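Which chain is which? They are A, B, C, D, E and F, in the order written, and residues in each are numbered from 1.
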Amino acid sequence: MNKKIVTLGDVMMRLSTKNKERFSQASGFDIVYGGAEANVAISLAQFGCESIHVTAFPSNDLGYAATAYLRKFGVNTDFIQFQEGRLGLYFLEDSAMQRASKIVYDRYDSAFAAFDGKLLDWDMVFDGVDWFHWTGITPALSQKAADLTLDALKAAQDKGIIVSADINYRRNLWQYGKGPLEVMPELIRYSHVLVAGSSDFENCMDIVEDDYEDACRQAQKDFPQIKYITKTKRESISASHNKLRGHLWNGKEILKSTTYDMPNIVDRIGGGDAFLAGLVYGLLHYDDQTALEFATAASVLKHSIPGDANLASVDEVLTLMKGENVGKLLR
Amino acid sequence: MNKKIVTLGDVMMRLSTKNKERFSQASGFDIVYGGAEANVAISLAQFGCESIHVTAFPSNDLGYAATAYLRKFGVNTDFIQFQEGRLGLYFLEDSAMQRASKIVYDRYDSAFAAFDGKLLDWDMVFDGVDWFHWTGITPALSQKAADLTLDALKAAQDKGIIVSADINYRRNLWQYGKGPLEVMPELIRYSHVLVAGSSDFENCMDIVEDDYEDACRQAQKDFPQIKYITKTKRESISASHNKLRGHLWNGKEILKSTTYDMPNIVDRIGGGDAFLAGLVYGLLHYDDQTALEFATAASVLKHSIPGDANLASVDEVLTLMKGENVGKLLR
Amino acid sequence: MNKKIVTLGDVMMRLSTKNKERFSQASGFDIVYGGAEANVAISLAQFGCESIHVTAFPSNDLGYAATAYLRKFGVNTDFIQFQEGRLGLYFLEDSAMQRASKIVYDRYDSAFAAFDGKLLDWDMVFDGVDWFHWTGITPALSQKAADLTLDALKAAQDKGIIVSADINYRRNLWQYGKGPLEVMPELIRYSHVLVAGSSDFENCMDIVEDDYEDACRQAQKDFPQIKYITKTKRESISASHNKLRGHLWNGKEILKSTTYDMPNIVDRIGGGDAFLAGLVYGLLHYDDQTALEFATAASVLKHSIPGDANLASVDEVLTLMKGENVGKLLR
Amino acid sequence: MNKKIVTLGDVMMRLSTKNKERFSQASGFDIVYGGAEANVAISLAQFGCESIHVTAFPSNDLGYAATAYLRKFGVNTDFIQFQEGRLGLYFLEDSAMQRASKIVYDRYDSAFAAFDGKLLDWDMVFDGVDWFHWTGITPALSQKAADLTLDALKAAQDKGIIVSADINYRRNLWQYGKGPLEVMPELIRYSHVLVAGSSDFENCMDIVEDDYEDACRQAQKDFPQIKYITKTKRESISASHNKLRGHLWNGKEILKSTTYDMPNIVDRIGGGDAFLAGLVYGLLHYDDQTALEFATAASVLKHSIPGDANLASVDEVLTLMKGENVGKLLR
Amino acid sequence: MNKKIVTLGDVMMRLSTKNKERFSQASGFDIVYGGAEANVAISLAQFGCESIHVTAFPSNDLGYAATAYLRKFGVNTDFIQFQEGRLGLYFLEDSAMQRASKIVYDRYDSAFAAFDGKLLDWDMVFDGVDWFHWTGITPALSQKAADLTLDALKAAQDKGIIVSADINYRRNLWQYGKGPLEVMPELIRYSHVLVAGSSDFENCMDIVEDDYEDACRQAQKDFPQIKYITKTKRESISASHNKLRGHLWNGKEILKSTTYDMPNIVDRIGGGDAFLAGLVYGLLHYDDQTALEFATAASVLKHSIPGDANLASVDEVLTLMKGENVGKLLR
Amino acid sequence: MNKKIVTLGDVMMRLSTKNKERFSQASGFDIVYGGAEANVAISLAQFGCESIHVTAFPSNDLGYAATAYLRKFGVNTDFIQFQEGRLGLYFLEDSAMQRASKIVYDRYDSAFAAFDGKLLDWDMVFDGVDWFHWTGITPALSQKAADLTLDALKAAQDKGIIVSADINYRRNLWQYGKGPLEVMPELIRYSHVLVAGSSDFENCMDIVEDDYEDACRQAQKDFPQIKYITKTKRESISASHNKLRGHLWNGKEILKSTTYDMPNIVDRIGGGDAFLAGLVYGLLHYDDQTALEFATAASVLKHSIPGDANLASVDEVLTLMKGENVGKLLR
């Protein structure tokens, strides 16, 4: 029986320059749709899971197009709500070599930020669900979005669903009057798997430790339901060349994955979401170390695929983990 | 000596689908930058005038790209201010045949809407200027934008500059708490040339007359500085086929231009702005009837050019007026 | 409650030349996926119906991509089977003016032609379904496909579902040893709404009548369950310019729709499928004449949309029927 | 046995703007290769003739690419010479509606203009050849090119080959010190089929007659070997809409072809060359009136095909002449 | 005097995704035409040889387009036969980094597979020919294709032509009832130069040796006419980064070429065919070691060129062998 | 106060193949406009300087488009003259890996080569200017262009403006009858900053020294006003991978910059111009070593940007110098 996963979060249209052009050179943009949580949903759908994404879109042609995009890649869109508002956007100036890539966000006042979820029947949403995933972006958008997250988490807890949270602290969000420390701890309290780096620990959990393992231990002390804390370590040699390794603290120790060398990157956006999707799949199917290796290999494959979401299959991830068919031509 | 024109208004990025695709089919957008007033500025620059466009852009790469776009087409961008905010956008689903084209606006909270113009030295802006053009879109955006328009109009009056106003009433603007009748009459009072149709008369000047000429006469009674009132009459046989004629009331009578048949339209956006730019040029250089014919022919040529702005030259417009080289191959 | 429709048939990848290039000039193709029956399913999904398409695809990346395409446009793909075989293809040399467009079919031995449907639970497929649509293309492909059609029709009859059949006789199919007269009459016997022209009557029903109404009457005599017979009448002035009218015999008389003039055609492929989808929707919601007008207007809008399938909404069709917003710019 | 035709003339790279963009908007060009004579060679190759094009190209990658282009479309390139010099170019700003299309020529000092043909063995070139075609563009380019034309004509006469000449007078050529009346009459003296309009008669043959038939008669008096004089009559309603008719004086009378209405033109460049290629084929295979109809129908089809050359087959031309399959969808 | 080479084999249309998209993301394909033997023919034509490719195409527009493609790149297409059938296709999902590239073949029942060659006058085909090249793909397609190969080989032997064979064993071919060991040995018996790796030795020649040199010696024992056996050794670090070296057994020893590092691969398809074309050219012009170096350098350059075939010139290959101009900018 | 820089030189349209295609494969070109001196002007405009480029363009649409291009990227085009002539062109076959890139120049007889500058008021051009930059390409084009350079240099000297000269010796220019040693020394005599490598020293200054520092010292002896001599040292591992270091002789010693590794090059054209622009900016704002580092880092960033000119900002260059944000994703 395939696993069933629910994700919650805003989805933006991404408008990216072509052929490494700068914004001032662009006479057109390529478009995809993505968001930290929807990217996880799409990736899990490629893994054969049943993915349900919950969000709100503007009831206009852009909202419908975003929905069609999710549906195309296998995500269940039955619980998406259409309402007043705009579609969040982000503009991407893709880069190469030493030049940094740039994102210009234009996501304020999206339909999702005003989504109160009153019409959502969480009981129906979570029916038969194995896993719920949220990120720190949602409660950073608006009070309504923070409330919605809490509602979802309570409903998930009632159903005994595993919850993962990508803390994902971003300073330039959190504009609605509250700070992360006023909001995030309560939400984290409902979560079992955390994606968190040092800045996340500090800003969202008030934990300042030099050592990552110490921070993890402290986190579990403060939030005893936490079972796993994870992060990727990315070394950015250039926009075209990164190295990547995954870390997973499982309550006992820090596991480390293979380090992958990634020259000739096609698209690094969503690499973290691909990792998390891989980890969700991995923890649902494998032991801890294998889960971590699966997550890291999934993230590596994402870097070879244009767009925000990982479109690799379970087979492709496993094959890479075994070091087979690497970059081969499969006939 | 070339004429010098100032325009004031917001500039948006236009994102349009390609090859008549619907929004749900699009995997990319073509982009140009435009706005009712900037389109006039670009067109007049092609006519050899010195065009100055006054606006505010976000101080990010999108704002700089929009500035570069205006500069490319010959518009003086020295008085553009860069500040906090976002770039207004609109999405265009281009069409053909009986299917209607669609615009999804996403222009609220643009940097321009928050532009207070305090740093602008209108005296310097208007130095040596012959003509100032504004539209009803600006005061519809925000109180600040309405105030800015009034400041500009007062400064223009002090310099004895001719002022044109495209009333351009749009119901879905005017969201900041004031209605057009509270704002527009005071602004129209400073304007000598008006683009206005029946809906504009009613909504912005409280003039309801069955007959266009009666409405014009009443307008002049209410706003005695008005010298010309103009409009285009467009018959929309299909998205690909329109007919166009210009009307000009010159205080004495309604002049009518040649009616042009326009099958095989390439891009109808900005047809009205091209007309107005042609009229500005025409009234500065020709008699009333010739000015009107120039304006209409200019607008026709616009329909053959992709993008928001008319890129035809004075020679091309005059040649079309004479019925020469129509659709020929010039070697 | 939205109507529920099932369609059955092969889906091909369409590879079309760009910018009116000939095949010999092409260095690339645009691709969409379509088929006479799936086009109907997609169009009905845009109308808000629940569309289920039943087909078989090769269990390779092309089959998965075709599935994703259907899902994107709102079609339920739960009953699609993946198996050995190839994906049917057709190459389209798009044209303009007096030059004819050309299709090179490459559809033999598709996975669908070998689809025996043994694993299909028709009871589940037809659960709560209002309408079933098949075409004469399917039984022309292979004995297996003909048998499958008969199975489906029997199951539909058991459920009391309305059945429509687009006879769609094509000489260059029917290569598997049987002729249409050996196969089609038995299938038509289960169908209530027929799309048929004179060639269809003759080749698939052995009815030769000079007059269309006479043919319809004879058809009903031979196949008494028939309630409606319909066809479109297309006048082809050029590849870019057609005229279109719909005819509907309702057992009493021939109703005729408005004749639409269609210059500037964007894509005429699937115009008939769009008509039939419109008719299905129309007969489920309106009186006969309105249903016919809806069908014809839907087909007209299809001609403005690239790809095989009609992506117009019910509102857009109704608006065209009223003659409103024709080719307008909707802001 | 297929007919064998030799053409002589310069071939340019054509760089054209896309999507009706103006030059100032273009960020890229589409390229094809063409020239008045090579266009004839390509068209005749599609008709199944053996076409040999004689020219000189620069011995660089652009010259080789131009050769590959001719070869792709079936032209024998064995007698093309590679030497010092540049490839002639022309830039095309494609248009629509009332806006005129524009060509910027950049063809001076091409390798062909410096081609003295000394190494050419005309005896081998003309072996088994039925027809030789040249145009007035060649002798207008340089003294060398004029001499080359004369050499070719003498060799053709020795072989008893039919010769056609497209006079094609263009004022902005003829820059090398001689005028057309000093050069053209001697060359015309070797030609049996002439493409000539009034301006050609006047500028190249010193014949000024109000009436076309009178001019033809006078031409035959002055150049008694002339058997046919022909021209197309194009009415330019817009860049997107022309009407076309062919005229053929056969020594006795002026034959006129069907007039074709051509809205939705795809590419009008080379329409005259397509006509002439059709006439060559027609006069080699049919009676005079049929030849003329073939030529006109061929030219009409050219207008639906992007690029300089007509890629229609004999079957397609004959089908159009019969009014069959006009704009149909051939499956 | 240029060398004359004949190649025999099927040619497919290749449809490849763009910008590293996965199949499910593609809205279009780039197309080229290629096949293991035709790729050799094209490459040798760039080297200045006279290449003749013998194949059968469907007598439709796709077959004509494939022919035009070969002709464009200098291949003599005079002996290509047009007949019933379809054009073989293959779909390529291009990749980067660790992700494997994928090919979906769709080549069964091609016109070539049914090509019996009865109408071919091998005497005319092989007139003046220096070299004949075939591959193990052809006899794997059908009995007719195997028979055709044998006919060709006998004719070549009669003329004393050097024969090369790329064994190229592929398990998923050989579907017509015979296995390679029933067919290949007889064909190999006519060949002097073999491209073979261990899997080829085992599957097509029944030779199982751990050591490559031993296998070569055994092959020569079994097939005494063999003079050279060759293979490339490719190390696949990623889809974007391979290393390549050539091996050549000349009856005495295994020669090894320089090993080339190939990061930033543009297109690896056809790398082996480029190597073989280089070897044919090399053995016809140089000593063994130089021939091998030429072959390897040719293959390296192929990896920088999009499409199936190597378009590098002899000069470019020689320059790379000398280590000159590597990646330079030649003005 | 922003620095003001004048550059003088020809500007060409660059036509480049896409996706690493060879010329023979191209069906279109991407276009930008560039020239050694204009590239410097554009780069300095991105740095916030006031850049004035002096050149002559043909008074046709291509000349106007080139002007618009410069203006778009912030260059003052007020002193550009429009006159008879053609626009210089160059065709670029972009490459990857070991394959060399190729440029086919087609720049002779450009409008600029015939530009006598008589109408230029150098006093006005140089008003308030800090720096003047010329290159050895200009005097190599024509006598007129050499004279123009001298006029400019004299005027610059009168104003006390710093002068830089990129010697840039190219053998295939200098076709007008004079050699570089007859022309260049007189021009170099007015210049304070020289870009020169060994070939430049020898061909343009008659200085042959094995050691670069010795050559610099000798140059200063011969041309005592010289203050700085500079060059970049590029190691070309492949077309996709170079290493780069800058050298600056400041009259006392040779300073060397950091060596940058540059795999994954996007566009190496204009790398030298970007270096020089960086050096101009650097010498105007920083100490010698910092200026050199700024120049080298600027050049590195250029290699990541498509087109001829560097579009990096001062901030981006400084950030790279600090090793910050290298290839990061800036949100």
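In this section, contacts are C-beta pairs under 8 Å (C-beta built on N, C-alpha and C of every residue); 3 or more make two chains touch, one makes a residue touch a chain.
Please read all numbers here as calculations on a predicted model, not as lab measurements.
> For the homomeric pair chain C and chain E, should the interface be classed as same or different, according to whether the shared residue numbers exceed half of all numbers used?
Interface between chain C and chain E is built from largely the same residues.
> Name the chain pair with more contacting C-beta pairs, choosing from A-E and A-C.
A-E
> As a quick test, compute the distance in whole Å between the mean CA positions of chain A and chain D.
Chain centres of chain A and chain D, defined by C-alpha means, are spaced 62 Å apart.
> Distance between chain B and chain F based on Cα centroids, please, to the nearest Å.
Between these chains, centre-to-centre, one finds 41 Å.
> Go ahead and note the Å separation of the Cα centroids belonging to chain A and chain B.
Taking the average C-alpha coordinate of chain A and of chain B, the gap between them is 44 Å.
> Residues of chain A that contact two or more other chains, please.
22, 24, 27, 68, 72-73, 102, 263-264
> Within the complex, which stretch of chain B touches chain A?
Answer in residue numbers: 15, 22-24, 26-32, 60-62, 64-65, 68, 86-87, 89, 91, 93, 102, 104, 106, 108-109.
> Please name which positions on chain D make contact with chain B in the complex.
For this pair, the touching residues of chain D are 19-22, 24-25, 95-103, 105, 170, 172, 236-242, 263-264, 268-269.
> Give the list of chain C residues in touch with chain A in this complex.
Going through chain C, the ones touching chain A are 68-69, 71-74.
> Under the definition above, what is the set of chain A residues touching chain E in their complex?
Within the complex, chain A touches chain E at residues 72-73, 260, 262-266, 300-301, 303-307, 311-312, 316, 319-320, 325-331.
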